[in-house]
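These are the structures, in C-alpha cells.
Same chain, two partners: chain A is paired with chain B first, then with chain C.
== the complex of A and B ==
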C-alpha cells in the first residue's frame, strides 16, 4: 500500500479527533513539565559566599534595590563582645563611646549595648544597613569576623541576572538552593527563605 | 576662519571628549575604587628598619590542621594538629604519632614526655606515641588552648573557664592560676576568641596571655601574681585588634616573642615589656592567618607555626 493511499484513508473526522487528542496530551505535558520542578526540585536564590567575599563595598551600590538587599548579619556565637569593636569603631578613635564621629558605619546602623564590664553587644538595624561592608571588613581585620554580608532573602527580588553578582570582583555571589539560602560561618542558620 | 578648520577642530574636541569618557569609565583607577570600601592596607605597613629577623627555612608538614608546636632540649620539633609529627634538628621527619582526636596544643618536658591537650583531656605520651597516662579536666566544657610543662608541674590554659589549671606531672590537680582580684589589682582574664596561651619563664614562673586586656601576666607556682605588661595600640609597639597577643614564647635572655591575629605579625619585647623589634611583618602571612603558635630552639631561632600554609617557618636574627 502506497503512502498516498494511506493519506486518502485518513478522514476529516479522524484528523480532527487525532488533533484534539494531541492537543490534550500536549497540554498535559506542558503542565507536568511546569509543575514537576516545583514538586520535586528546588528553587534557587542568590547568596554571598562569605569565604570568597572581599568586602569591596560594591553590594551597596550595585543592587537594583535602594537600599541594597545585601545586609550585614551578625553571628553572635563568633562575636567577642568587644569593647573596642573593629566593626563599630573607626580606626584610631580616642573615645570608645557611641558618638557619631567614632562610628565606622556611614548610616549608624549598628547599635552598641553594654552587657557587663568589659563586654558589649552589637545589633544591626536592617532598615538602616546599606550593605556597604565597612563593618564586615573592620570586624574581620581586627576582630573575629562575626559580622558577615548576606543577601536578605526577604528583600531580594531574586532577579534572573543579579547585578551585584555581575559586578562582584571575587565571584562571591552565586545561586544556591533555597533550602540553604544563607551561607554564614559560625552559625547554625535556620535557612528560612 | 576657514569652515573646514573649525569642523576639524570640533571633531578633534569631540573625539577627545569621547576618549576621556571611555578612559574614565573603564580604565581609570577611580572607576575601580568604591566609595564605601574600607582601606586597611595602611595597618599592615611596618618600617623595614624594625625587622631584625630573616626567614631561613620552612618545614612543609603533611598535617591538614596545625594547632601547636613545641621544641625539646635536643631541638627536636614537635607539631600537633590532626596528628603529631616529630622532626629532627635537621628538619627531617623522624616520627609520626597517629591520634584519634585532634590535638589542640602540645608541650614537652626535659624527661621527653609529651603533654597533649585533646578536647578537655590531657594525654601524656612518649616519643613513640605510647600513652603513659591521661586525665580529664574537671569541666567537660573546657577548651584547652595552651599547655606548658616543667619537671614538676603541668599548666593547662582553659579558654572556657578563663583560668589556668595547675597539675603535678601525674595529673593531680593543685591550683587555679589567673583568678582576678580587684583588691590586689589583679585583672580578670578576658578571652574574646579561642586563644589563651601559657609558657614557662626563665625563673620557672608561669606567664599567660590576657588577650582581652592586651596583657601578659606572670604567676608563681603557688598562684601568686608577680607582674604584667602590655598595652593596646594601633602602632607596632602595642597589641592590635580586639584581643592580642594570641601566642607567645620566651627566649633564653628573657625576651618575649609574641604573635598577633587580625594583623598577623610577630614581635620581640624585652622582659619588662618594651617593644624591641619585629620578627615577621604582616606581609609574610596570608590574609586571615591566625593562631601563629611559637617555639624557640637552643640557638634562639624562632619557629612559627603557620596554620594557613601548613608550614613551620624558621626565623633567625640578622647579624
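== the complex of A and C ==
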C-alpha cells in the first residue's frame, strides 16, 4: 500500500466522528430552512371563513388527507348546551340518548356529556371527525351555529394549492396570516398555529 | 454418491432466507392491498344504505328493541370498517415499501457474495443455466410489476376514500337527498379557480380595462334599455315615455305575445336590445331565460347548477325572487341559496359561484344591479351582512363592505347626485350610502326599522325610505344627510315608492296609494285601488304605472291631483314590476311573460 493510499483511508473512529458532524450540520440546516420563512416574512395558512361556509360537505372529500384536515370546532361560548342538539341528533328523533340510531354524526365523533338538567356539553373527537359538516349544518339550522368547520392547522399540510379551496363552491377558504389562523365566530380564539 | 449430493445441495444462507421471507411477505401485502382496493370501492362507510334503511324501519316501530340493537351493532361495524380500512391503507403501504426494500437489499447481498467468474460462451442457447437465469429475470420483473400495481392501487385507494362519502356529505342530511337531474354541480362549479368558476378564462383575461366616467351613470345605453329591476339605477324611473295605456288580456287586444315561463320566480323582467331576461327556480333547478323581444320565443335557457341545497323560503319569495341585471354583455342572476352566475347574451355561462346560503327568513330577494364593471350585490342577513362588488368578467370580489344591519329584502339603487355616484341601500336601522368604486361607506342615517322589503325612491337629491311598522322618511342625501320630513300614515312592506322632482308616490300592499310633496311632505291625495299591491310603481314620462295583484294595471298621472288614465287588465295575477322599452311593456303574470304594445 502506497503512502498516498494510507493517508486517504479513514479509520472507523474518523468515519463515525465525521458522520456525527455531518448529521449535526444537516440538522441545523434543516431547522434553519424551516425557520427562515417564519423569520423573514409572515406565513400564510388556509382557513375557512365560517360566514361564507355553506356546509356543502366537500371539505370531507376534497382534502388530500384522509380523513380531511378540516374538522368541526366547537365554540363553547356560543353553545346553548341544548338537550335536543341539532348538531348531535338526527332530525325527528324521539329518544334523546346516545344510541347510534339517534346520532347525526356518521363517525360518532361527538360526545355528549350531562352537566345539569337540562344542559348537555358536546365535545368533538378530532381523530374521528371527517369534516362532513353534517353537525355544523344541523347546529346552524336548529341551534345557534356554535359548531363550525375549520382547517385544523396541526393536521393541514398547507399545500400551495388547497384542493378544498379549489372545490369550495362559496369561496369560503382562503389564505390567512398564520397569526390569525382560525376564523371562528363567537370565540376569542388564541390564534395559535 | 450420497456424500457428493450433500455437498452439491447447498443450504440457504441468512440473506437467501431473508430474501425469500421478505419476498413472500411483500407478495402477501400486495395481494391484500389490491383486495383492499376493490373492497373499499364497494364500501360506503358514511352513507350506509343498510343502516339508513334500518333506521327508517325503526322510525315506523320505535318499540322494536331488537332492531335498535341491530342498528347499533351495524353502526359500530361500519365505523370500525371505515377507520380500519384507512389504517390498512396507510400501514399496508409502509409495510410493502419496507418488504420490497428488504427484499432488494437481500438480493444485493446475495449477489455480492457470489464468486465472480468469467462468463462462458455457451454453445447451445437453451441450457439449464440460461433457463434459470431467464426464470429469475421473469420472476423479478413479475414481482416488481406486482409491487408497483399494489402501490398504485394503494395510492388510488387512498385517493378514492373520498368518493364513498361525497354523495352523502354533499347533501348534509341523509333525509333530504338532493339530486340535480341535469348536471353535477361539482363539475360545473369547481374548475381551477379558488374564487369563482370562470368558464372562459381566455375571454376574461383578454378583456380590456374599462374606461368610464362615473358621472355618466346611468349611461345612454342603460336608459335606452331596462337593465335592472325598476329600471336604470333601480329607482322606479323609465327613461322611455311611449308606453301603451290600453290593452286587454282576455281578448288579446294590444298584446303582442305571451310566452309561458318554464319555472316559477318572483323576479321581474329586464330588457336589453332584442332580449328580455327572466329567471326561474324551484327546489332542484335554477334557470335563466332569454326571450326574443319581438316574438316572445325563448331563445335560450341556461341551467345554473345548484351548488348547495336551497334554504326554506316563503311562497311570496320563492327561490328566484331577485331580478336579474344586465350590462349589455352578460346577464347576472342570483338565487335563494346564494348561487350567482353570469351568462352571456348567447346563453353561455361565463362564471358562477356561491355567495354563501343567506341566513334570513323568507329567502333572498335583493335584486342585482351593475355599475360599469362591477356587479353590486346587497347581501343583508342575520349575521355577516355585506354589500359587495363582483367583477362582471370573472365574478371575483372587487370589494366587500361589512354592514352592521339586520336582514333586509330590499334592493340596492345607484343614484347620480350630480357631484358623485352613490349606492343607496336600505335596511334596519337606516339608509346607507357607499362609493361604488371602493365600497367605502360615505354616510348613513337611521330612519327605519324592522324587516325592510321596499327599496328606496330618489329624485332631485332626496331619497325616500319607507317600511311597514316604521315610517316614511325623506332624506336629503350628502355627507351630512338630514331627514327633511317624516310620515307614518301610509307605509309599505313590499312595493317600493317612486318619485319625480315634485311628487312622491307610496303604494301600500293593501291597495292604497298616497301622493306627497317631495320637499315638504304635504299629502296631496290618497286613492284606494281596492286590490292588494306587491308590484312597485314605475314612472313613465308623466304617468305612473302600478300593477295590482289581480293583474290590473292602474295608470294615473304623476300630478298633484289624482287623475286616472286607464286600468287595462291582463286577467292573470301579477306581483311583478313591469319593464318598459321601445314603446312596449313587459309584464310577468301568472306563469307567463307578456309583451304589451306593437
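Everything that follows uses one rule, which is that the second predicted complex is superposed on the first by the 153 of 193 C-alpha atoms of A that agree within 3 Å, B and C clash if a C-alpha of one lies under 4 Å from a C-alpha of the other, contacts with A are read in each partner's own complex, and residues count from 1 in each chain.
Criterion: a contact is a pair of C-beta atoms (placed from the backbone, for glycine too) under 8 Å apart; a residue touches a chain by one contact, two chains touch by 3 or more.
This structure is a prediction, so every number in the text was calculated from the model and none was measured.
Visitor: Once the two structures are overlaid on chain A, check if chain B and chain C clash or fit side by side.
Guide: Because the two structures are overlaid on the shared chain, the partners are seen to clash.
Visitor: Pick one for A:172: touches chain B only (first), chain C only (second), both, or neither.
Guide: A:172: touches chain C, not chain B.
Visitor: Just to be sure I read the superposition right, which of the two partners does A:60 touch: chain B = first, chain C = second, or both, or neither?
Guide: both
Visitor: Is A:91 touching anything from chain B or chain C once the two structures are fitted on A? First, second, both or neither.
Guide: both
Visitor: Between chain B and chain C, whom does A:142 touch in the aligned arrangement: first, second, both, or neither?
Guide: A:142 contacts chain B only, not chain C.
Visitor: Looking at chain A, does chain B or chain C touch a larger number of its residues?
Guide: C
Visitor: For A:180 in the superposed arrangement: first (chain B), second (chain C), both or neither?
Guide: After superposition on chain A, A:180 lies in contact with neither partner.
Visitor: Classify the contacts of A:123 with the two partner chains as first (chain B alone), second (chain C alone), both, or neither.
Guide: So A:123 meets neither chain B nor chain C here.
Visitor: On the A-aligned overlay, A:80 touches which partner chain: chain B = first, chain C = second, or both, or neither?
Guide: Touch partner of A:80: chain B, not chain C.
Visitor: Which stretch of chain C would you flag for clashing with chain B, going by 5-13, 167-175 or 455-463?
Guide: For chain C, the listed stretch overlapping chain B after superposition is 167-175.
Visitor: Can you list the residues of chain A that touch chain B in one structure and chain C in the other?
Guide: Dual-contact residues (chain A): 55-58, 60-61, 91-92, 106, 130, 132-134, 137-138, 140, 145.
Visitor: Report the residues of chain B in contact with chain A in the complex, numbered from low to high.
Guide: 34-38, 40, 43, 190, 192-193, 212, 232, 234, 240-243, 262-263, 288
Visitor: Contact residues on chain A for chain C in the complex?
Guide: Touch list, chain A to chain C: 51-58, 60-62, 66-67, 90-92, 94-95, 99-101, 106-108, 128, 130, 132-134, 137-138, 140, 145, 162, 165-174, 185.
Visitor: Can you name the residues of chain A that touch chain B in the complex?
Guide: For this pair, the touching residues of chain A are 55-58, 60-61, 80-82, 84-86, 91-92, 104, 106, 118, 130, 132-134, 137-138, 140-145.
Visitor: If you look only at chain C, which of its residues touch chain A in the complex?
Guide: 45-47, 54-55, 58-59, 62, 68, 71-72, 75-76, 79, 82-83, 86, 89, 158, 161-163, 165-166, 168-175, 185-186, 189-190, 192-196, 307-308, 337-338, 353-357, 359, 383-384, 397
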